[in-house]
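For reference, chains read A, B, C and D in written order, and residue numbers begin at 1 within each chain.
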Amino acid sequence: MRILISNDDGYFSPGIEALAQALRAYGEVTVVAPERDRSGASNSLTLDRPLMLRRAPNGFWFVNGTPSDCVHLAVTGMLDVVPDMVVSGINLGANMGDDTIYSGTVAAAMEGYLLGVPSLAISLVSKNPQSFVAAAAIAAQLVARAQANPLGRVLLNVNVPDLPLEAIKGIEVTRLGRRHKAEPLIKGTNPRGETVYWIGPAGGAADAGPGTDFHAVEQGYVSVTPLQIDLTDYEGIDALRAWLA
Amino acid sequence: MRILISNDDGYFSPGIEALAQALRAYGEVTVVAPERDRSGASNSLTLDRPLMLRRAPNGFWFVNGTPSDCVHLAVTGMLDVVPDMVVSGINLGANMGDDTIYSGTVAAAMEGYLLGVPSLAISLVSKNPQSFVAAAAIAAQLVARAQANPLGRVLLNVNVPDLPLEAIKGIEVTRLGRRHKAEPLIKGTNPRGETVYWIGPAGGAADAGPGTDFHAVEQGYVSVTPLQIDLTDYEGIDALRAWLA
Amino acid sequence: MRILISNDDGYFSPGIEALAQALRAYGEVTVVAPERDRSGASNSLTLDRPLMLRRAPNGFWFVNGTPSDCVHLAVTGMLDVVPDMVVSGINLGANMGDDTIYSGTVAAAMEGYLLGVPSLAISLVSKNPQSFVAAAAIAAQLVARAQANPLGRVLLNVNVPDLPLEAIKGIEVTRLGRRHKAEPLIKGTNPRGETVYWIGPAGGAADAGPGTDFHAVEQGYVSVTPLQIDLTDYEGIDALRAWLA
Amino acid sequence: MRILISNDDGYFSPGIEALAQALRAYGEVTVVAPERDRSGASNSLTLDRPLMLRRAPNGFWFVNGTPSDCVHLAVTGMLDVVPDMVVSGINLGANMGDDTIYSGTVAAAMEGYLLGVPSLAISLVSKNPQSFVAAAAIAAQLVARAQANPLGRVLLNVNVPDLPLEAIKGIEVTRLGRRHKAEPLIKGTNPRGETVYWIGPAGGAADAGPGTDFHAVEQGYVSVTPLQIDLTDYEGIDALRAWLA
């Protein structure tokens, strides 16, 4: 089995290192990840400049681009054979609910999925994540299962509570919850005396009831949400037709 | 009516200028757009640095950030009153099918929608767009209709064929089509003799039959697709549960 | 006379606009400037990506690169004829003493000089500059003089006190002074709770006695310093030879 | 002895690794280097955003900034004690003649010098450098000599021929030579069909006679040039006064 690993925290992140180490038991692992932290990169692709591939002493490849660039570059040109799976992470922080729209971790997996490869994004739900080994074991478990019993073309978004493996209660299949609106801008002054604005933190969980990713993780379960990428609001089509008539 | 306008081509783009001019007849227009071309930015947010607002001689505001940053900044802190509508564009090029995942134009509208504002993204389908006036008139028509008859919280993705207004056959409500996989990487050498890689062009239309955005535009109609942002694959939940059992 | 104008504050800066307007009386003016604020860019050149030229409605060209890139691009490929002079500015803030090492404004002029063109950098000495018209008049006066009486291959660094033209006492030829060491780092926390560091402000004037640029401007004079670019410490060569023997 | 090491090729470069390894025998080494390749950064400082410090598994610190940022940050705030020496490199490629104006490697050393620390930049003269061990041994030799016999506040620019240590003929104290004008722009087309421009390669050696850095390296010697940072053209002051009179 050929496994392509990427992330959005950069190739030097402890999360990607733990992931690569855990997955080597299940196949031939290639790591292609951004040269620097690209958290919040979403699905951005670099179209106005060429990319370069460099190799770190530990064998990881790094790219002067986004998470989507990394997977795109690996699958459409760098690798001789299309990988059997793309695994992205382990992200330092949650990717639940609306986070999936902004996340570079999810985007890297989505790029694999768009290119026809079963893909999985995995994130540790914590502001200061510790349990990389547990999360890597979860990823390995899912990969092993996919190896034994292929699931077809899927895109899985996995969020792991930041707990030791033995404290995790199990795996739940979930839907994405929803967050409250983001916190307001943070206005400040830079040392040159100019007004500057920081994007505020994400909102708290709004739709976080049973069945959601927020709820599963809150209860100590791993959340696995199957994703698709058709943004069409099918239920809104008739109302829109009426409105336009 | 208060209208916030943004785009991903930069505040200096002819598309945003045509849009602002056309919408001024319908309300108070504020333009907040990226200081430089951010095509392909997707929903990326700038989290590792503060943003700055500057004002051009024509009154447009520009920001050293992404399309999503611009709308986020305007709605969550810069504007005294939340706008009644966010309009993003006019993009120089199509945003149909899977393009919506990567598009900064769509992302700017999506950011408005996520912050509770009815939002609309508009794109001209052409590699070398000419009919900005026609597309701006279409945008104005939709905004006027929303003013007369509010449609609630919607996110509309509008693609306009690059034709004179009188040659456009009408408006069709569509679903997103799908593209073929992207073209392969383009490998080259930079002047320093180093190997570099350009992301290849988007694939051609794959799912482009009647009912899709691709089909409508191909037939000379304006395509309007209602979007939503829940990526959950509801139909895949049961299969995934069975697989994990 | 063909005059190439650039700066480091960006093509939209009031300083470059005032400069272009004032110099049009003396020749054919072409403006090629960075698309965004590149203050502090020094002589950096963009070697890892290609550059693009775009044109603003007012006819100014802008480039997704550094001040040095702009002049380099214009002189080595874009312009049909090598310009007779490069003028860079009007910078919003002083470029005196050690500032010349870091300044993008000076770098743009230095690039012209390195490519064989007489060049001039002009800066307004103020944190909140007002007297663009006065500074532009000074620039025009120097250009007119160079037109009437060519000075050969020179690189002039001009600093103008932020005063109305009639309050300026005259022009003094100076040497560069020296600043005290920079102020310490400013340590802070970003909204994600991470420690961040801002570069501190430049130090105050240390060597600012009669004859220096600091002194001239302080006394209400325009300072003009002839620059050269050979960094060799000729006086240190013998001591170094002895030390290595 | 406390030694601060930086470079412009990035903290992952083989050059900085060889340098750090060789200098550990002579004191306490701290490495603070850019997170990505910043060749051509010159003395640019990052003024519009805050910087972050991260630590690699090998103990090296890396910064999302320029070479000058790295040294500035280390000396003015990060390190408890001002280092006794700043060493920058080993650069993958020459920094001779006019290169010193553009070089990030030289800039990192210059920043140390400006902050009062004896500093040294070291570069391997080759398009595809091999002899990192030899160059590191040269650096170590110079540091050892400075330890035994302090040279005061100096800024040394060292260029090493890419030869095995035993093939190097000795050390020569030199002045900077000069290059011919840069090669013209390289005009091309990107995959989106847009015209793009690459900065052309540096010119060949123009002033490369005996006594210059170019000549010494050409003859198989290590070139050591003492640098200073006063750009004033003292010899041009009288002519300029006459011209302005």
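Observations on the model:
Here, contacts are C-beta pairs under 8 Å (C-beta built on N, C-alpha and C of every residue); 3 or more make two chains touch, one makes a residue touch a chain.
A quick note: this is a predicted structure, and the numbers were derived from the prediction, not measured.
The set of chains in contact with subunit A as well as subunit D comprises B, C. Counting C-beta pairs in contact, the pair that comes out ahead of the other among C-D and B-D is C-D.
Per-chain CA centroids place subunit B at a distance of 39 Å from subunit C. Spacing of subunit B relative to subunit D, judged by their CA centroids, is 45 angstrom.
Taking each chain's centre as the mean of its C-alpha atoms, subunit C lies 23 Å from subunit D.
Subunit C has residues 37, 47-48, 50, 52, 64, 190, 192, 198-200 in contact with two or more other chains.
By the touch rule above, subunit D contacts subunit C in their complex via residues 37, 39-48, 50-53, 66, 68-69, 72-73, 76-78, 98, 100-102, 104, 107, 110, 114-116, 145, 149, 151, 154-157, 171, 173, 175-176, 178, 181-185, 187-188, 190, 194-200, 224-237, 239-241, 243-244. Of all the residues in subunit A, the ones that touch subunit C in their complex are 48-50, 52, 64, 127, 186, 190-193, 198-201. Interface residues of subunit B, counted against subunit C in their complex, comprise 12, 35-37, 47-48, 54, 56-57, 64, 190, 192.
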